[in-house]
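What follows is a short report on a single structure.
Chain lettering (A, B, C, D, E and F) follows the sequence in which the chains are written, and residue indices restart at 1 in each chain.
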Amino acid sequence: MQEILSLAGANLISPIILSFALGLAAALARSDLTIPEAVAKGMSIYLLFAIGFKGGVAVSTHGIDQTLVLSLVAGLILSFGLPLIAFALLRVMTGLSNIDAAAVAAHYGSISIVTFVAATSVLQGRLIDSEGYMVAVAAVMEAPAILSALWLVARSGGGGKMEPGLMRELLLNGSIVLLVGAFFIGAITGEQGLAEISPFIVAPFKGVLCLFLLDMGLIAGRGLRQSRGVVGMGAVGFAILMPLVGAMIGLGAGLLVGLSLGGVVLMMTLSASASYIAVPAAMRVALPEANPSVYLTLSLGVTFPFNLTLGIPLYLAVAQIIVGG
Amino acid sequence: MQTHTAKRVEIVIEAPLESRLIRALTETGVTGFTILPVHGGSGRSGVWTREGQVGRAGMVSVVCLIKPERLDGLLDAAFSVLEKHIGVVSITDAQVLRAERF
Amino acid sequence: MQTHTAKRVEIVIEAPLESRLIRALTETGVTGFTILPVHGGSGRSGVWTREGQVGRAGMVSVVCLIKPERLDGLLDAAFSVLEKHIGVVSITDAQVLRAERF
Amino acid sequence: MQTHTAKRVEIVIEAPLESRLIRALTETGVTGFTILPVHGGSGRSGVWTREGQVGRAGMVSVVCLIKPERLDGLLDAAFSVLEKHIGVVSITDAQVLRAERF
Amino acid sequence: MQEILSLAGANLISPIILSFALGLAAALARSDLTIPEAVAKGMSIYLLFAIGFKGGVAVSTHGIDQTLVLSLVAGLILSFGLPLIAFALLRVMTGLSNIDAAAVAAHYGSISIVTFVAATSVLQGRLIDSEGYMVAVAAVMEAPAILSALWLVARSGGGGKMEPGLMRELLLNGSIVLLVGAFFIGAITGEQGLAEISPFIVAPFKGVLCLFLLDMGLIAGRGLRQSRGVVGMGAVGFAILMPLVGAMIGLGAGLLVGLSLGGVVLMMTLSASASYIAVPAAMRVALPEANPSVYLTLSLGVTFPFNLTLGIPLYLAVAQIIVGG
Amino acid sequence: MQEILSLAGANLISPIILSFALGLAAALARSDLTIPEAVAKGMSIYLLFAIGFKGGVAVSTHGIDQTLVLSLVAGLILSFGLPLIAFALLRVMTGLSNIDAAAVAAHYGSISIVTFVAATSVLQGRLIDSEGYMVAVAAVMEAPAILSALWLVARSGGGGKMEPGLMRELLLNGSIVLLVGAFFIGAITGEQGLAEISPFIVAPFKGVLCLFLLDMGLIAGRGLRQSRGVVGMGAVGFAILMPLVGAMIGLGAGLLVGLSLGGVVLMMTLSASASYIAVPAAMRVALPEANPSVYLTLSLGVTFPFNLTLGIPLYLAVAQIIVGG
């Protein structure tokens, strides 16, 4: 416990977290600080390219162990399954409509790549290795949750039919294509390729992540300011409970699959994290009746900061106790 | 200079639906339009801005100039996409040069 | 398709005044508007462009669709902010779908 | 509030021609205009978008509010530039505040 | 003298200055070279974050000496007071209206963060230390000058009443929030935080500064081209005299406060520099009748290049003579 | 031969090429992956500044040998002359109209700076030196080809008169001004200037190039998708033959001028490359009747990838055989 708190503390005073806090504070104080859309998009492209590439390189060096396929399958199952659990919890804990509940559930089945990145940098900070192909698992987990959500809505007769073309849109979503593409480039060019571009994708990575989290904080803060009263206590409770539930399930999956300590932590983080970029856009298309400020407030305003600050260190501590090492 | 009457239709629609709107327009034979970026706005669904957004958030504005007789077809197409979604459609009378283009 | 008459008001105003204009509009009950980025322009105060600007420079364009009877209230609100400043306001007759939104 | 009739002219023209259009407008005494960025579009010359472009690609939209009597001069100037090129010109009737500015 | 010139010379052929000159020349020659607004904003966000963070780290290591508070107070007084002097000079040297004179005065009471950054990099080049909290002083000096200017206008019955909400806007101005926020993040995370992100905020800093100054040069050149004849010789004279006056007063303040050589040079630079980002926007709100091309031409077109090229080396030389070292 | 293929192979699996391929694939698969215009422009500004600066530094160190002037003259002649050859080939190989053929010819007389950059990084990879002033040659070759094309059209009575103001627009084109300006800044500040900003313009260069080529791939792919059927087999054949022809002529020029091995390869690459940024914009002004999708498809969709993948290694191999070393 002691240990967890100290790690959480150390984690809290990292430039990354503090940058997020700065953005959050600035937005809540109604400062006019903003980061241009093009710059924010540029940073996310950089982060996806870098994280994918490094994952690929890791695979090219450590080679593909048999757990790769299992991990991908586990990711798929988690992404399909977690929304069902989330939906059930939401029905119990909140008064959200079927459609809103399903839309929120989709976000928690999918993943937040920035949370994933934050977890990897915590692992690096403590010199804990992890399977490079976990970025591929992250990619695999992005979309399936959306299908589960649509199924939940259809089941309760609330429309939400699978819009034609939506499926390929989801699979060819820019961030998935970039993440997976960079992963393969890294896997093909390996250490040598990394040597060529590491001054770009490795050295400045954390700094860029700071500015990106500043932006995330600004957006989260703006959202919180505007959605006052939109989400009740129950929903907020869900947004903190669900990551814990997800992490535990992710822990189980990671152990079953036989991942390393680092891999288990990442699997927990992926399961615990909620999407706030790809899924919201998909929901506007597939479930327009769902209220965006509900799912954005919960995933970006509550769950994201929770994972960033307390969640990740907690998952790491738990994994260390159970996996050992 | 010789001008011709036309209608100017301005459709403010959610960015994630842009591709669908374009498809619907093209299917009804509307192949001329201009897409303007939208920086922010406010409506029944609340206030929003593009600042710092990473995903395909916010709205876009699609402007179509068409012959008056083709207006209804366009509106039906637009409405088929817009129906369940937020956004607005406005029509103004206009004059255009080079009618052959419309 | 069923349309309803409305007014389309386009207010080109200095970026630093945007928040004040929005406030004034909201206070008079105008909660529907779309803000378009402006790349540059020219007027009595000279030529300007956004290129390379760091500060809150240049103009923005605020487009409001409203019921005709609410036009005057809107113009008064806009003028209260615009009065001493540069910028232009134009009004055109329009038709809108989904009148319930206005 | 006191308004004055005017014409709203919207010229969608290729970005590389922007400077020439501005010059032509200025030469005919049209010194008031607003340039809006255009994100993409479609026409007889096909579909295009600004996304990822490096060069001076795509179109821009130039909006002029002018006194009705000066419309023809403006259209001639615009047409002299637009003539051989792609792009569209539309005119709508408008009301403006602060006529002294036009 | 010899010494000053050689330093000025060395200063002149630095990539930073030459990049500004390139931008200036390109704009005057009516080249279509431009830097996208979003990229320019992104670079300024980077520069503010980096300079603030490094200042905070410096404080966290050298600790806070008693002069910190004194320096902040001095900064406040300078920012409030310099506009009065500037206003008096303008009335004498130029035919500007009360309102234009007050608007110009506000710019010279406030500061140019890029000039400040250029000065710090000159100091680094000559291995001269300076107090890290000078960035906090810079932040403190941004806004007060605007109040003095409004007071000057109100006094002469020219309107310029303190617009409601303007005050908090000034204090929560994006650049101030980012500079101060990054300062605290740096102060909290200290050397360790710096180690994590220095490949991003330290190594490439000067290069980014070059491109940013290229952009400044482009804007300054465009402004000069358009404002031909708008400003008379008297005004130009003011734009060169005022920085010298400001620097001398800053020198006095620095000595009184007991700053180190580097700190004194920065205090001189802050006093000598004129704002061209935050204040112009504020003037459009508070003094719309003032002519922007007057104050932009003077602060960005004349004073900024003057400080960049001759001013900073001169201030350094003078400070060395007086402070010694 | 063996050798060429292995080099081509090695070249093919570089992160740079694979990033281009990723963009191409994503666009052809109709993924919504895009890079914001401002970010793309920002990267091209960075690349031009960096390549120009480094060229200038190289000149400042190796000094200017007598071949400098000769090389510039050679570049001028090539840029003026190559369009005539291209035009003749197009008349023979394709059914393009006079105007379309002339427009395409202009692109092949001008140059692609990114192809040039790719060639320099291949040379660096094999530790082959090259004359720094080749970037100046690149700058010199950008515009003249356009004049030849206009002359070709005028000759065949197809209008295409030299629009007033077009000339200075071409010479003060943003990319030329930036490239040449950075070249002079590099030449003036030399090694010392480079030391100051190399963490910005040298270390991350290749990484930025990857993202830029990702964008190029996206644009090329989009273009290919839309221009299906617009260009016939003959035109595609031209787009592969012309670079080879250009390279051979560039080889001759390089030998005549007496360039080093590296210089010869770069001269070949410049002659073989086709513009897809500056010239297309100029064509819209000067030859609006010419069909953009024809020249863009050929230069960006066919010739650019050909040079990037097979062309450059081939040119290097040939140059090594002939120049030796």
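Criterion: contacts are C-beta pairs under 8 Å (C-beta built on N, C-alpha and C of every residue); 3 or more make two chains touch, one makes a residue touch a chain.
In this text, all values refer to a predicted model and were calculated from it rather than measured experimentally.
Hopping across touching chains, the smallest step count from chain B to chain E is 2. The chains in contact with chain A and with chain E alike are F. Shared numbers divided by all numbers used gives the overlap of an interface; between chain B and chain D this overlap falls below half, so the copies present different residues. In terms of C-beta pairs in contact, the better-connected of the chain pairs A-B and C-D is C-D. Chain F has its Cα centroid 39 Å from the Cα centroid of chain B. Chain D and chain F have Cα centroids lying 34 Å from one another. The set of chain D residues touching two or more other chains comprises 36-37, 49, 56, 92-93.
Residue numbers of chain E whose C-beta contacts span two or more other chains: 32, 34-39, 41-42, 199, 203-204.
All chain pairs in contact, by the document's touch criterion: A-B, A-E, A-F, B-C, B-D, C-D, C-E, D-F, E-F. Every residue of chain A that touches chain B in the complex is listed here, in rising order: 34-37, 40-41, 44, 165, 215, 218-219, 222, 226, 276-278, 280-282, 284-285, 288-289, 292-293. The part of chain B that touches chain A in the complex is made up of residues 14-17, 20, 45-47, 49-57, 84-86. The touching residues of chain F, when paired with chain A in their complex, are 13-15, 18-19, 22, 25-26, 29-39, 42, 199, 203-208, 210-211, 214.
Residue ranges of chain F in contact with chain E, taken from their complex: 36-39, 41-42, 45-46, 49, 53, 168-169, 172-175, 177-178, 181-182, 184-185, 188-189, 193, 196-201, 203-204.
If you check the complex, the residues on chain C that touch chain B are 1, 3, 6, 8, 22, 26, 31-37, 60, 65, 92-98, 101.
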